[in-house]
Each structure stands twice: as C-alpha cells, then as structure tokens.
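Below are structures written as structure tokens.
Each of the next two complexes has chain A plus one more chain, namely chain B in the first and chain C in the second.
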Partner chain A sequence: MSADGAPKFREDVLEAISNAPGVSGGEEAVRAILAGYARDKVDSLEVDPMGSLVARIAPRGNGSSKRGPHVMLCAHMDEVGLMVTAVEKEGRLRFRRVGGIDPRILPGQVFRVGAEGIRAVVGALPPHLLPRPEREKVTAPDDLYLDIGARSREEAEERVSVGSYAVFDTTYEAWGTTRKGKAFDDRAGCAVLASLIQRRPPLPVTAVWSVQEEVGLRGAAAAARRVQPDLAIVLEGTASGEAPGSPAEEQYPYMGRGPALTVQDRSLMVHARLLDVIEETAKRRRVPTQWKRPGVGGTDAGRIAISGSGVPSAVVSVVCRYIHAPAAYLDVRDTQRAVSLIWHTLDTLRKEWP
Partner chain B sequence: MSSRASHLDSLLPALSGAYGPPGREAGIRAALRRAVRGLGTAREDALGNVHLHVGGKGPRLLLSAHMDAPGIIVTRVDSSGLARLSILGPMSATDWIGAVVHLNGVEQHGVIGWDRPKESKDSREIEADALYLETGLGVKQAPKKIPVGTVGALHDRAEKLGDLWCGGNLDNRAGCAAIVAALRGTRGLKNDLHVVFSAQSDLGARGAMTSAFGIEPDAAVVLDVAFVGESRGGDIALGKGPCVGLKEEGFLPHPAALDLVKRAAKAARVSFQWLIRESSGSDARAVRASRSGVPTALVAIPARKTGGPRVLVNAGDLEKTVTLLRGIVTTSYTGTRGSK
Partner chain C sequence: MASNGDRTCADWLRTITSLPGVPGHEEATARELMKAFRTVADRVERDRMGSVYAWIEGTGKAPRPRALLAAHMDKIGFLVRAIEPGGFLRITEVGGFDSRTLPGKEVTVHSAPPMAAVFATRPPHLQKRGESDRPIPLEELYLDTGRPEREVRRKVPIGTMVTLRQTPVELLGDRLAAPGMDDRAGVVVLLRTLALLRVKRPAWDVVAVATVEEEFGMFCLGARTAAETLAPDLGIAIDVSHGDMPGTREGDTVPLGSGPALSIGGNIHPWILEDLQRSAKALSMPYRVEPCPMGSGTDAMDIQIASEGVPTAVMGIPCRYMHTGVETVEPRDVDRCAHLLAHYLSELAPEWRAVEVLK
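Right, the complex of A and B next:
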C-alpha cells in the first residue's frame, strides 16, 4: 500500500511487459504476463474473441446496499512495430509499419523479429555511398529493409518468416525516478491497471487489457460491447510536449508533473461530469494533474463512449517522452499518482455517481 | 399558421442563443427540456442526448435532430494573454474570424481574431493555428481563467431580417425549433413517437448513433439543415420549402421511410426540394446503420452560409418544415408494405 491508501504501483509488471514484444495483432507475450499476474487477484479472467484480456472483480463488502456503477478500466497491450512482408533473394526482409511509427526514426534502428527475438538492423547505406543530395533526405519506409545478417533467402527463412512482427530492441532501465523502456504507450497504462487490481475495488470493476488500439481502436470497441459498463476510464501513456526551442506554453504536458487529464481529442469529448469527479478527487487527494493537449490523438475511450447506448468515458494518462519511438522515458512518481488518482476516483464514484 | 409563427418567433431566438458546443450541451439541453415540458417524458442519456418519448400507438418512429452547435477549445494561452484554439466540428477556421464566443464554465466572452500574414494575399484559406481568442483578460488572468481545455461556442441569438432568420447556431437549432413547434398542439399521432435532440453530431454523429441503438426504432426521420451550393443536379434554394434527402455521403434513404415523408408532404400540401449531396452532413448515416439497420429518411432545412460565423434560413421554409413534420407524425408508417 502506498502512503495515501491506494495500491502500490507494480514496477515489476511494467518492466516485464515493456521488455516483452506485442505489436498490434500479436499481443500474446504481453497478455501471458498480465494473465499470469492477474489470475489469483480477480474473480474471472477470459480472453475475448479479439484477444483482449478481460478480468472481472466484484466490489469489496462495504456494508452498504449501494452497489455503485460498473466501471470498465481499459489499457491497450499493443505497441507500434513492423511486420515482415517479404523475404528477398538476397536475404533482406521487406516490411510494413504497423501503427504510427515515424519513418524519420527508422534507419539504423535495431529490431527484434518474431517470438525468438532475432536481431535485425534497418538497413541504410552509409553516407559515403550516398549521392550528396540524398544525404539530407529521410528514406521512404518502402525503400528500407530489415537485415538479420543473412546472405540469401534460404538462410533468412531458417530464422524468420513472412508475417513475423518486429519490435524495437530496447531493455528497461531505471535512473532516479526516471524509467526508460520501449512501448510505454501503453504498457504504462497496462501496469497502472495491473496495480489497481491488487485490492478489491469499492465498486464492480472490469479490467480490460485491449488489443489493436494502434491500428484503429479495435479491441476496445469489441470489449465494450461485451462488458457493457456504466462508465469507462482509459489509462494511457501519452506524449510529452517538451521540446527545445518551443515557447513554454506549448511544451505541456510534462513528464513528472502528474497524470494528464484529457478534455477532448479526435476520438472523444470527455464526459463533463465524469471529468469533474476526477478533477475534484485529484484536488481533494492532492494528486497533481495537468492537461493533455486538446485536438490531437485518439484513444480506446472514443470507441467505448459510443458503444451500445453510450458510455460516459474519460482518459487518464502517464506522460512519457518519445512515445512511438525506440525508447521512451517516464517518471515512476507519475505512475504511482495515476494509480492513486484512479483508486480514489473509484471511491468518489461509488459515493457520488450518478 | 399564425400561432405556429409566434411559436417560432420566440422559440428560435431562445434555442439559438443557448450554449451547446459538441459534448458540452448542458445549456441547450436545459433550454430544450423547458421547451418540451408537457409534451412527453424527457430524459438525458449517457452521451447527453435529450430523449423525449411523446407516445402514440403504432410503429416506433424516431424523429432526430442534433442540438450541438459549432465550438472551439483552448489549446494554449500564449505569453501575450491570447488563447490558441482547436475547432470542434466542421465550421471552417475562416468562418470563425470575427465571431464572438461565450466560454462556458467561466462565464467569459471573447472574440476570435486572425493573424493575417503580412506579405501574403488575403485568400482566407487558413488553418485553425492562425486563429486566436482575445478575452481582454490580460497576461496574468488569461491563463488562470481560460486554461487549456476551456470550451466555447458562438455567442449569438438568431434575429429576423425580413423573411430571413440570421444566426450563428441555426445549424441545427432551426431543426430543433421546428420539431418543438410541430409537437405543440399536434393531435392524432399515428406512431409511437420518440424524439431525440442529439449531442456531438458535429464530431461524427456520436449521439445519434447511441440514441438510435437505445431506442431501436422501426423507422426514423433525421432533421438537419442543408447549405445552398451543396446539392448536385439541381441546387437547393431558400424559399422553396424543406429538402428531402436522396443521397449524402454514407447515406441513402430507405424507400419505406422516404414513402412516409412523401405521403406526409402530399397530405399536408407542402412542396419540397430534393437534396443530393456528396458531403456527410447529418446524423442520418449513423441512425440508418444502427443495430441491424433502421429505415431512415432525411429532411433538411435549406440554409445559406455567409462566409462568416452566421447562416441564413428562410422563415417560410421553416414554417413549411413545421407543417411537414406535423404531417409525418400524424401519418402512419406502413413499413415496406406499400413502398416501391
């Protein structure tokens, strides 16, 4: 238990799932870790037909007849990555991007391909061999390839096959309160959710670790129809706005200044009253919060909100530097604050909703 | 006719002046609930739609009109106290120039300005980044009073200019007012009538989608506005009566629902014009595709854009729309029987 009565953030879970591969559509390894962790903490655990992990937890006996709304807490397991689409006769692997990877950061990166994590380099000619005008340009992703060091198709196909996924080759590290790792969008949210289920909540909760968020919010849409919650809170790892040279007022949100609350993004107008409850809880419990930048991005909450006859939905995010890139940073004080904020919000909701 | 006209003369200014950008419709929701008092059972659903069950015997008919209006959201407040914006809904950045807005929650007004490029021509093809919001709050107060995430809407009350209504929120408060006016004093409903004033239409028909799912109607009529210049193959015009939709992006009317509208127009002797547009303006698509499909028709009030924050609607068209709506709710929906 943390100092303020909320469950403690489980950094061990974050480390394990950050290191595991889980590109959209291939979330098995991440799911296995979370399922193993959750099994003895929840009342039921199932994998839905899309592949999302759905855990139901009845509320703790509180002596009150008021049951409270059924809350769906959701974080997506998938990360952006690559998929091998062809093996060429020289042994090079052609690939497609899965989700929003910025093509500018690809050349030269090391990836891990397939379940066995075969190392591959995104090939790019050294500057010596490039015509001068080409040196200033970003290579189009279609002109890039993955190289596992094979000299022929036969040699390559012994180790990888078409359809294999590739993830950034990054290992979790700690430094002060800073943590470095890949896929903090949204393994940070997944670990916050895992931390929350350590104790029985004050109202009925269904925890959903969803699939295929990065390719169109697919898993959560299906899960919401199955779960049919009264309310939903989505836990995200979101982009920090910190950038050298930008005016101060443009640099928010910041890593280390508390969970970011969303008012609006491209997929969602956050439910006004639910947002009020979260804000009031943060103030009362002295959890620092900041605003996420409006007008950009989209999350699973957008799909959950319009499922069935509608679900009041909100988003709470851990602010990370350099998401959708080889390595991101977060501050473990923020992940604990996110756990505390959601935990206490559940308490407020039991008392005050509707 | 005169009593209906007087209804609209008070309804339209009141409804058009109510605050209600997409997702923050509390003001217009309250105004509509006042306006429909005594007409049925009203409730608010999870997405903020107003659902009015009027009753009546027969098939379940949904009459749906969106109540949200153009909005903006503050994305940052710069070092000079000006707010920068993102736009909620389809109103273009250009059309926002000069608009007076009401920022709810803080009860503050502001005006939208434009950073006109010094060297370039005034082509007015601009992005939302070029807009700013001046509130007069100054460098110290602005970041506190209108922080990131503050939502605003046009501060505008419709007024009559001769035969025209002029206002910033007429899309679709004109439709909301027409429904309320049609329901008042109407007897002899031939369907089990459900009315929805939908939320978040301007963000992609989100409210219409969830309300139709909940109501599971046998048939639906969506009421919205259509702009002059939008219709292909014979453009629409002000003063020629309501439009009946034949096509818009993602939507084709169901023959049985279209038949209901046509029979009602004939019985009520309302002339109408056809609307065929490529844009995806209305909630009709979302209602049509709800659950296993809902026979849906689209009725639209013709409107003209002014190239600024206001739009124009013909008062006679609005009266005819009221008459058509009365016809629709007093004509029984016969399903696929009798439709071609």
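Right, the complex of A and C next:
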C-alpha cells in the first residue's frame, strides 16, 4: 500500500509488459503476462473475440445498499510496430508500418521479429555511397527492409513468415525516477490498471486491456458492448510537449508533474461532470495533475463513449516523452499518482455518482 | 435457368457481374440474387437495409451457433450530377475510379428505360499541343447519350445511377474480365459454397449475406448492420485481393491462379486463419497468406467490431485491375474459395467459440 491508502504501483508489471512484444493484432505475449498476473485478483477473466482481456471485480462487501456505478477501466495492450509483408529471395524482409511511426526514425534501427524475437536491423547506405541530394530526402519506408542476416528466402523463412510482427528492440531501464522503455503508450496505462486491481474496489469494476487501439480504436469498441458499463475511465500514456525550441505555451504537459487530464481530443469531448469528479478528487487527495493539450490525439474513450446508449467517459494519462519511437521515458512518480488518483476517484464515484 | 448443379463458376460470374448496383441502388440486383440464392439455400430473406440473407440450416442441436459469410453486392459506379446544354451528362463517382481508365468507355445510364452512353473524348485533331500529356480529371469528363437534350432532360433525373457497360471478356487460360468482379466474384463464392453445404451440411447454421454499400462511406453499412442483426459467432468476408501486375511488389499482390488469399493481421482471428490453412492442406489446395497490417479494408472491418465483437477472417480472390472496367479473375480461384469455405465450415465443431474463459 502506498502512503495515501491507494494500491502501490507495480513496476514489475510495467517492466515485463514493456519488454514484451505486442503490435496491434499480435498482443498475445502482453495478454499472457497480464492474464497470469490478474488471475488470482479478479472474479472472472476472459479473452473476448477480438483478443481483449476482460476482468470483472465485485466491490468489497460493506453491507451498504448503495452499490455505486459499474466502472470500466480500460488501457490498450497494443503498440505501434511493423509487419513483414514479403520475404525476398535474397532473404530480406519487406515490411509495412502498423500504427503511426515517423519514417525518419527507421533507418539504422534495430527490431525484434516474430514470437521468437530474432534481431533485425534496418540498413542504410553509408553516406560515402550516397550522392548529396539523396541525403536530403527521407527514405520512403517502402524502400527500406529488415535484415536478419539470412542469405536466402529459405533461411529467412525458417525463422519468420509473412505476417510476422516486429517491435523496437528496447530494454526497460531505470535511473532516478526516470524509466526508459518501449511501448509506454500504453503499457504505462496497462500497468496502472494492473496495480489498481490488487485490492477490491469500492464499486463494481471491469478492467479491460484492449487490442488494436493504434489501428483505429477498434478493440475497445467491441469490449464496451460486452461490458456495458455506467461510465468509463481510459488510462493512457500520452505525449509530453517538452522540446527545446517549441514555444513556451506548447511545452506542456510535462513528464513528472502528475497525471494529465483530458478535456477534449480528436475522438472525444470528455464528460464534464466525470472530469469534475476526477479533478476534485485530485485536489482533495493532493494528487498533482496537469492538462493534456486539447485537440490532438484520440483514445479508446472516443469509442467507448458512443457505445450502446452512451457511456460518460474520461481519460487519465501518464505523460511520456517520445511515444511511438523506440525508447520512451516516464517518471515513476507519475504512474503512482495515476494509481492513487483513479483509486480515490472510485471512492468519490461510489458516494457521488450519478 | 439451368439447374444449379449445371452452372459453372464462369457462368455465374458472367451473369452476376452483369447486374447493376451502385451503393444504395442495389434493389434490382438484390431481386436477381434472391432468385439465385433460392436455388441453393434453405431460406432467403432481405433485411431492412437491403442486404440479402441466404440460410443453410446446420445439423447441430438448437440453438445452433451461426457463421456469417459476407460478400458485397454493390459495385462502384457513378451518379448523374448535372445535365449540360446539348444533353451532355456530368457525373460524380460512388466508390473510387482512376479517371484515366474511363475516356472512351461505354456506360449504361439507368434511366427508365436504361440508355447507353459513352465517356466523350476529343479527337487528337482538335486537341491543343500537350493536351494529351495531362490526364482528364473526373470533373471534366462527361457522358454523351447521343440523344436530344430534351429527351435526356425528360428521362434522366439528377442522381440517376450510371455503371460501366462492358460485357464479360473471355481471356486465355479461362480468365474472365468484367466490371464488378469486386465483389460479385465474392457473391459467386457464396452461391457455390451454399450449394456444397446443402449436400454436406455443417453443424452450424450458415448465413451467406450479400451486403449493401461496402464501397461507399467511412464504414461498410450493410456488413455492420447485418452483423448487428445476426450477432454471429464468427464472420468471414469474401472479397477480391490485388492480383499480380507489373510494377507491383511481392507482398502487395497475389498471383492469379494461386488459390484463396488468406489475410493475416489484426482484422483476422488467428484461430480461424489456422483452421482455414488446415482445410486448404487437407484439400491439397494452393493458397497465399496476404499481410494486412492496418486492416483488411473489407466488410470484415465492420463485422469484427459489431455486436460484442465477432471473430473474423478474410478470404480474397486474386483479381487484377481492381476498380476498372476489366477486373480480371480466374474462375478456378473462385471455385477454390467455395470449396475451402465449405470444408472449413463442415469441419467446424459445434462448441467452437472465440471467447476464452480463463476464470
């Protein structure tokens, strides 16, 4: 238990799932870790037809007749990455991107391909061999390939096949309160959610670790229909605005200054009263928060909100630097604050909602 | 109509591709398809959005699980946007054409009665120097019915459907080219599959749906509404896949004659894909795996997220020159898709479900 009565953030879970591969459509490894972790902490656990992990937890028995609203807490398991689209006769792997990846980060990068995680490099011609005008152009991803060192198609096909996914080859590390790893969008949210289910909540909760957020917010759409919650809070790893040279007013949100609250993004107007409840809880429990930049990005909450007759929805995010890139940073104080904020918000909701 | 057993895939393809049916205007096609489906299905009906459902009853104990097979019956075309002085027709497209494939093509304007027209072209003699270096955008193209303006204005209201008028072309190697193979070839797969299933009945109920409005809008309206109506336990979309063409790359296309293209990616439930591959091997049938990293772009996209989530797969018929008047397929591939589906469905265990209960 943390100092303020909320469950403790489980960094061990974050480390395990950050290191595991889970490109949209291939989330099995992440799901297996979370399912193994959750099994003895929840009342029911299932994998839905799309692959999302759905865990139901009844509230702690207090004999009170007021049960409180049924809350869906949701974080997506998938990350951006690559898919192998062809194995060429020279043993090279052609690929396409899954989710939004800046093509400029690809040359010179290292990936792990397939369930085995065999290493692949994205080669680039040495500058010596490139005419100067070529060096001023961004290489189109279609012209790049993954090199696993195979000498022939046959050799390559022993280890990978068309449809294999590739993830950034990044290992979780810690220094100070900073944590470095891949896929903090949204393994940070997944780990916050995992931390929350360590104790029985004050009201009925369904935890959903969703699939395919990065390819169109798809998994949460089906999961919300299955869960039919009274309200939803989505846990995200969102982008920090910090960058030298950016105007001062665009530098927020900041890593290390608490969970970011969303007012609006491209997928959703956050439910105003639900946001009020979260904000007031943060003030009362002295959890620092900040605002996420409005008008950019989109989350599963956009799909959950329009599910069925509608679900009041909000988004609470851990601010990360360099999401959708090989190595992201977060501040481990922020992940604990996110756990505390949601935990105390559940208490407020039980007392005050609707 | 010949009895169903006598009709070859090529026969069906010639008949079914010739039906009109721009998105939202599938009425006449649906009526013909209901007739065709009645020759192979236990029950045929239409839903409120216009999609046609053809049922094969399973042999399992009721209530039986339900498999949805979807192929879209709409095909890309045009609508009349304006009538110019002289009776020339301006059009807007429904679905995406490359306007470079249109000049000189014949079309049918679906007025009452229908009339033929051509995409007008300017003879080289009258062109300015360099004019032929620039493709003509759709907004500048126009149709000429060869009829007086007064008749055109009387018979062709704004919004009249226009489709390419191209009779099916027989090519070497039994290949067949026609507009609307996308996705009437898929509809033929449905017909052939049901014919096979009627003989070798599966445990599951199978409902083949010829969907409306796949080619229009941000989502596949007919597939989404059918999946909500039927709440199936699995869904398979049958659509065309890009065939091999010069200038394309391995991995982006599948060769004609190489059998069903089985999609892989987030839109596809891995267990169904595995079982389809197992069926293909059992039938000694060639197939390809087609990577779909960002979704399949078929009816399966909307079936998957309908209801409480539906496990889906996508089967592709290799097809060259998609979204032109000469979409080319090999009837053999169409037939293989049907045999593969029939085998997979008749092997499907009554208790198969994609939901895993872990606790």
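The criterion applied here is as follows: the second predicted complex is superposed on the first by the 354 of 354 C-alpha atoms of A that agree within 3 Å, B and C clash if a C-alpha of one lies under 4 Å from a C-alpha of the other, contacts with A are read in each partner's own complex, and residues count from 1 in each chain.
The definition used in the following text is that contacts are C-beta pairs under 8 Å (C-beta built on N, C-alpha and C of every residue); 3 or more make two chains touch, one makes a residue touch a chain.
The shown structure was predicted, so the numbers you read here are calculated from the model rather than taken from an experiment.
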{"item": "Chain A as common anchor, with chain B and chain C clashing or fitting", "value": "fit"}
{"item": "Chain B versus chain C, judged by how many residues of chain A each one touches", "value": "C"}
{"item": "Contacts of A:Gly149 with chain B and chain C, given as first, second, both or neither", "value": "neither"}
{"item": "Cα-centre angle that chain B and chain C span when viewed from chain A, reported as a multiple of 10 degrees", "value": "60"}
{"item": "Partner chain(s) touched by A:Gly100 [first = chain B, second = chain C, both, neither]", "value": "neither"}
{"item": "Partner chain(s) touched by A:Gly5 [first = chain B, second = chain C, both, neither]", "value": "neither"}
{"item": "First, second, both or neither for A:Gly295, with chain B first and chain C second", "value": "first"}
{"item": "Three-chain overlay, closest Cα atoms of chain B and chain C, distance in Å", "value": "5"}
{"item": "On chain A, positions contacted by chain B and by chain C", "value": "none"}
{"item": "Of all residues in chain B, those that touch chain A in their complex", "value": "22-24, 26, 45-49, 73-79, 86, 88, 143, 147-149, 151, 200, 203, 206-207, 209-211, 213-214"}
{"item": "Footprint of chain B on chain A - complex, ascending", "value": "247-250, 252, 263-264, 269-272, 291, 293-295, 305-312"}
{"item": "Chain C - residues contacting chain A, complex", "value": "249-252, 264-269, 289-291, 293-295, 304-311, 354-359"}
{"item": "In the complex with chain C, residue positions of chain A that touch it", "value": "24-26, 35, 39, 42-52, 78, 82-86, 88, 94, 96-99, 142, 161-163, 211-212, 215-216, 218-219, 221-223, 225-226"}
